[in-house]
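So, here's a batch of structures to check.
Common to both upcoming complexes is chain A, partnered first by chain B, then by chain C.
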Partner chain A sequence: MAASKFPSFPLSRRQVLKGGAALGLGSAALGLTPAWANPWGQSNVYPQGIVTGPEIALDIRRRTLPIAGRNARPICINGTSPGPLIRLQEGQDAVLRVTNLLDEPTSVHWHGLILPAGEDGAPGISFAGIAPGETFTYRFPVRQHGTYWYHSHSGLQEQLGHVGPIVIDAAEREPFRYDREHVLLLTDWTFEDPARVMRNLKTGEGYYNYQERTIADFLADVRENGFKETAQMRAMWAQMRMSSRDIADVTGSTYTYLLNGHAPGENWTALFKAGERIRLRVINGSAMSYFDVRIPGLKMTVVAADGQPVQPVPVDEFRIAVAETYDVLVTPEADTAYTLFAEAMDRSGYARGTLAPRLGMQAEIPERRRIADRGMEAMGAHGGMDHASMAGMDDSGMAGMDHSNMAGMDHSTMAGMDHSTMAGMDHASMSAMDHSSMQGMDHSSMGAMDHSNMSNKDHSDHSGMLPAGAAQPGSQYDQAGIGIVPGERRVLLYSDLKSFAPWPDRRAPERELELHLTGNMERYMWSFDGKKFSEVSGPIHFRKDERLRLILVNDTMMEHPIHLHGMWMELENGAGELIPRKHTINVKPGERVSALITADAEGSWAFHCHLLYHMDAGMFRVVKVS
Partner chain B sequence: MKTIIVPMATCAAFALQAMATAHAEDGYDAPDDWPSPMAEHHTWAATFDRLEYAFPDKGDETLVWDFEAWYGGDINRVYLKSEGENIQGDNEDAEFESLDLLYSRLIADFWELQGGIGYQGGIASDDHPERYFGVIGLEGVAPYRIETELALRVSDEGDVSASLEAEHDVRLTQRLFLQPRTELVVAGSDVEEFGVGEGLNSIRAGLRLRYEITRKFAPYIGGYWEKRYGDTADLARAQGEPTEDTAVVAGVRLLF
Partner chain C sequence: MRKMLLAMAVGLFSTTALGAGEHGGGHGIQSDVQIDRTISFEAGDMWFMPGNLDIAPGETVKFEITNTGNLEHEFVIGDAQAQEAHRRMMQEMGSGGHGGHGDHDMAEGDHGGHMPAVTIAPGETATLVWTAPENVDNLEFACNIPGHYESGMSGDIVIQS
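Here is the complex of A and B:
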């Protein structure tokens, strides 16, 4: 709150991990990675790397550190990147003094924490940012528990490693027990300057994609599906001037995927004793990368999503969107090593560690899957745009009619993965939908015409609204997403998420607010309702204490993790009174999702896509609650 | 030449700046001295799409470049484009076939409308005749990912000409590309000094095999076939130049 001049000594220095040496950890690992990543877990013997207590001091500065064995210059928090684990107690008043030792302004946003608007850490919205040499003191009451994280909200600093985990211990006993816990923080590191990454994305479509379709893929498809069908399918994509392999904008061709700051080859190891129940707090602190997380040989039980307790779901694998967190319990019975495997969604790389009874062990690393081709669901995104303009004319009909048709078309064909029916059935009608003319149109101006009008419209006619908690037609909560073969293993779905107990506000929504996720892949422009942040004239308005339904329609061909600051989004996945709440919602290509929001947090809040370069390109809005 | 280019560039840069900063901030709570929550930055790119040495069957060996650079935002940009050649052993300096300074505006997802001025002539020498143009162009990606560049030129003498370039990348592997490329020039009137005849001037069709060592550095080899037509062909014959030729090329594509 009060900014004071920075004193000339470092405020806080993390102690060296003395025990690490005794355990035979290489000296290279000492002092370079955060101590919460110590192999025994933080409920155990080495609490040094955790910052805790009534007042916490953090200093932000650039340091030269090795990452994946190469010299790098990440932004460090208290000397490490990722930063220290901030451990808070539910019910305490947190005081966090953040000192900026960079030569540019910085900030820390406490991702997923419900707090006063002035403490949220989004520069230009909640405060001015932290100038070089200054200390900003954040003060807020801690009114929740679970697994969260913190990161810079200034420019592209997050890509430089300005991230760290937050664990808030519950005031009352949680509904599950465990013997040990580990934080698994996933990040994506590049040795390139983030500004250069952005420029590359702006100048070359598919710049980082080295898994595009080639002649060989074409011939393989011809062998499998025949020439006519393959040619039709490829012609459709070519006509749209898009790539069905566009799964990730920034890939393993520049990223090294890190687990707790360690590259796969470094084999970061989390220790356990056979028979213990272990809580893994998995955080996706990546700038751009979705991961599919699994531990071959172990069933995982998901017990919390985005820090909020959920009904236990046993799974073999879960997809974690950027900025999401999942808590899972595992109980390894055998005295053996297990691989912690987090495969990037586009299969261009992975983060990896080992869960082992002793250091120095490792288990087999699973083979990476092949990159998947996007199918009809992504093209549905373009169909979706047609529907959007239709929606402008007929609100009530929209919810009930159009989108269910869309959804019906996309899903059935996709899930089955039956290329023959897909090609045979839809292609004709797809091309009849006149994609070429659509492509020729200016999406941004289109957005300007249709979508904004639509979103400003209060859908206050209750007759056309679905009951609270019901899944929107066009949602894909029962699908794991691109690159996951249905039935291969049990994968967490959004439809699995049920709150452990009902949340207090059970009101039905008073109104609906619909926003379209829009973009121009070729230009790397990203926006809501066809307008970049620089093009909108003011904030999205929430009335204080109203209950509203936010509908997000993804008109693009990419997944977008949409994050609202300051308030929970209750995901309307059909879970009835056990509606789960999230701070970040993944919206798949062509998907239509909805969330209920209780607008109880007065002030201005950031609302954006949590893919860093999408946000920076303009997929960002301010929500004002008053 | 510089006397025209410099003020033009200045005007274009100002136009760009004015458009980029003109956005309202009404309704936000933030005090004036707070930064914008999400600042947009201008960016730039520069490419030698072709920088190659041609070994023609009949004509002289030639160094050829095809350069393009831009600066700006998502919608408004300033382009500097140049194509030219230096014929080896003719004791003349290199020549700009075109040197264009253009304002560009995104008018559709895949298309930019461009307009500005152009120059044809020697680079800082009097070896080649000079002329200036007004240029209107359309640049973008046509369906089936065909990179397209269309330019309509009116010279300072009132002569009208148009050119169309189209190229397409066939991905053989993740780094190996086969690129067919065609170029077509038409003119509305004879301009003998520049070897231009009325009607269809020339067609050139080429094929290049490119290996992207990185996205920024990609050597290639290839060849092209070229034919001149009508009055243009007559003018070439009068100069003792071939009307139809083939060439082998070796070059590099550079991205900065």
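Here is the complex of A and C:
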């Protein structure tokens, strides 16, 4: 057999005809949805309904469309929201002409694409934006492949549906094969004006949080943990003027979660034939919402993260942070329907569709899980914590710690670590500790750590840097995050992500740059190192071609998806030379993470939290490479 | 029941499979076996070439499998059910503990129920001698390291004269 360069997906003539018939039916049923969201998806022998490179024209305008059965006025790209699938080929020179038919400036940012700064589409950073009536032509060489997305980088336009998927076909064979593919684009839609959402958040951070704890929850905790511990825990949260149920800022109380533009009740359906291997390209194009994605009854094999191939990981569920993408393979053997279930991280709602052999089928919708309470791990980074109250800490609060991993620790030290003695710990020396680092400590490397040094040393005192690819103390890559019960099912972890081969630049970092993710929850101020974008004097400087380690320390009690434009971040998840590279890194509360960056992209680039209202509130910096 | 018999048949025939490479030591009998055919296989990330195999019942084949990928692979022969059982076992081995400790050499496990198998390190070539059974029509060759089969590392063995 001759080695073919591309995997081929032969479909018989009959299959193609059948597919065509179903397509006709499907597009009639789907009405105004983008053509790429057709129920038969795409395969190499049957491409249609997309805008294909290298030359693409897009127009941006506001249109009245039904969303979840109500009249809405989203921002549409070529007439639909979400916009058309942009399909490019690795090696092409893409030319994208974007015409602004809005009455305000707009922009399109190609999220995750490596391109010249002037083509990146962040207004005020790398270009002027696109004025009303103007056409801007983006031109760039396509130097990568995989699943990405595009969205407005102007104001809060992204919340109005100004988003769409990008698929770049590979020049070389990809490390997996499949018969059919579907794009699953998750978004969060609100019928409120985004500016009003922002005002509401500034009025009260808990504005959309209808899941605050009640007296019933209190009594339940008393039953479980006793009155004293419960009361102490509650007092602690009250003292911090925070709620342990701040899982998301904006919730299902205003959001309708959409899958390919469709509300859960509309049951968007992706079709397959039993036995086919299907590639699902999952994109979180939400403004504010993290999702936990699963397909009850099917194992999903994760084969790419943020567009980049990773060694395959079979999982039952994965959490997708805002702006991340994951590609998974599924092989439904049975001629039956499966629910595509994307549950919002705060459990206030879900996006849903169906994977089925025929239209009109559906499977059971899983019950939503209860909202989680943030445990002690979320408080880890808060220096102002009352240490005395730590004595009352109960085990449930310590959920973030995995005791089984502690085997490598010096047992003589451990013996002294029972909870009763914690009260007697020397608080003076503890306060000198970086609590955020203590939290998710990498237990595997702990064995080698000298505990006597740990108690009173700041990490910056450590002579020398960690080797490239090593996980920072304080990272929690082996935890799926809030609201996921460990062991319940196999959930993707950042520590699972491994590339196939080392990335081209294998230099060790020359320097470390540490940034803290900071916020004032009550006033809805979000920032880096305590300074809003409007308060900083200049950009963060990367020396051209330097290799640096970016360390991100989350001092807040929320997850932040941190996105760097123009350059990959190689996530130091402990995989050594095989660390994965990402465009967006989720940083959990109290966590300390790091990434290696090769500063090879000259120019000014946006660097920000991809929660839209956090970015707008000031969690944004410019990185200048020169 | 039929499937179970099939699995047993495969088990029986595996006694005539001789592995070289990592598994060479495991099988004591060095061969006087008559080799009818030598077939070169390539194991890449994540595929086998050729993708399928036609073989006559009773034919003895020597597989020479070269791993041209970056990852370790295995080449296991069995029916779909046995492959799945093997896969499940490998997966459980891999996710033992609490994540982040996935560095076990997962291919080193027992190849569930004595299936003919070799493990091939990146850049290496391993051989496997195997005689096709007389009473089975279809088998699979596969790599069952977690995620590899799911990514496409499998093929059909059609046994007919």
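Going forward, the second predicted complex is superposed on the first by the 509 of 626 C-alpha atoms of A that agree within 3 Å, B and C clash if a C-alpha of one lies under 4 Å from a C-alpha of the other, contacts with A are read in each partner's own complex, and residues count from 1 in each chain.
The rule is simple: contacts are C-beta pairs under 8 Å (C-beta built on N, C-alpha and C of every residue); 3 or more make two chains touch, one makes a residue touch a chain.
Since we're looking at a predicted model, the values are computed, not measured.
K.L.:
With both complexes superposed on chain A, which partner does A:574 reach: first (chain B), second (chain C), both or neither?
P.N.:
second
K.L.:
With the two complexes superposed on chain A, say which partner A:464 touches: chain B (first), chain C (second), both, or neither.
P.N.:
Neither partner.
K.L.:
Would you sort A:312 into first (chain B), second (chain C), both or neither based on which partner it touches?
P.N.:
A:312 contacts chain C only, not chain B.
K.L.:
Just checking: does A:211 make contact with chain B only, chain C only, both, or neither of them? Give me first, second, both or neither.
P.N.:
It touches chain B, and chain C stays clear.
K.L.:
Touching A:622 in the superposition: chain B (first), chain C (second), both, neither?
P.N.:
Only chain B is touched by A:622; chain C is not.
K.L.:
In the superposed arrangement, does A:500 touch chain B (first), chain C (second), both or neither?
P.N.:
second
K.L.:
Counting residues of chain A touched by each partner, does chain B or chain C come out ahead?
P.N.:
B
K.L.:
Quick check on the superposed pair: does A:66 touch chain B, chain C, both, or neither? Answer first, second, both or neither.
P.N.:
Neither partner.
K.L.:
So, A:116: does it touch chain B (first), chain C (second), both, or neither?
P.N.:
A:116 sits against neither chain B nor chain C.
K.L.:
Which partner does A:200 contact after superposing on A: first (chain B), second (chain C), both, neither?
P.N.:
A:200 contacts chain B only, not chain C.
K.L.:
Can you list the residues of chain A that meet both chain B and chain C?
P.N.:
Overlap of chain B and chain C footprints on chain A: residues 444.
K.L.:
Quick check on the complex: what are the chain A residues that touch chain C?
P.N.:
So the residues of chain A in touch with chain C come to 1, 3, 7, 173, 175-178, 277, 299, 301-303, 311-314, 329, 331, 402, 404-405, 444, 477-479, 486, 490, 493, 495-496, 500-501, 574.
K.L.:
So in the complex, which bits of chain A are touching chain B?
P.N.:
Chain A reaches chain B through residues 105, 122-125, 127-129, 155, 195, 198-200, 202-204, 207, 210-216, 235, 238-241, 436, 439-444, 520, 522-523, 525, 532-535, 537-539, 603-604, 606, 608, 615-616, 618, 620, 622, 624.
K.L.:
Okay, in this complex, where on chain C does chain A touch?
P.N.:
44-47, 49-51, 69-71, 91, 95, 97-102, 146-148, 150-152
K.L.:
Residue numbers of chain B touching chain A in their complex, please.
P.N.:
Touch list, chain B to chain A: 23-31, 33-41, 43-45, 74-75, 106-111, 141-145, 170-175, 215, 255.
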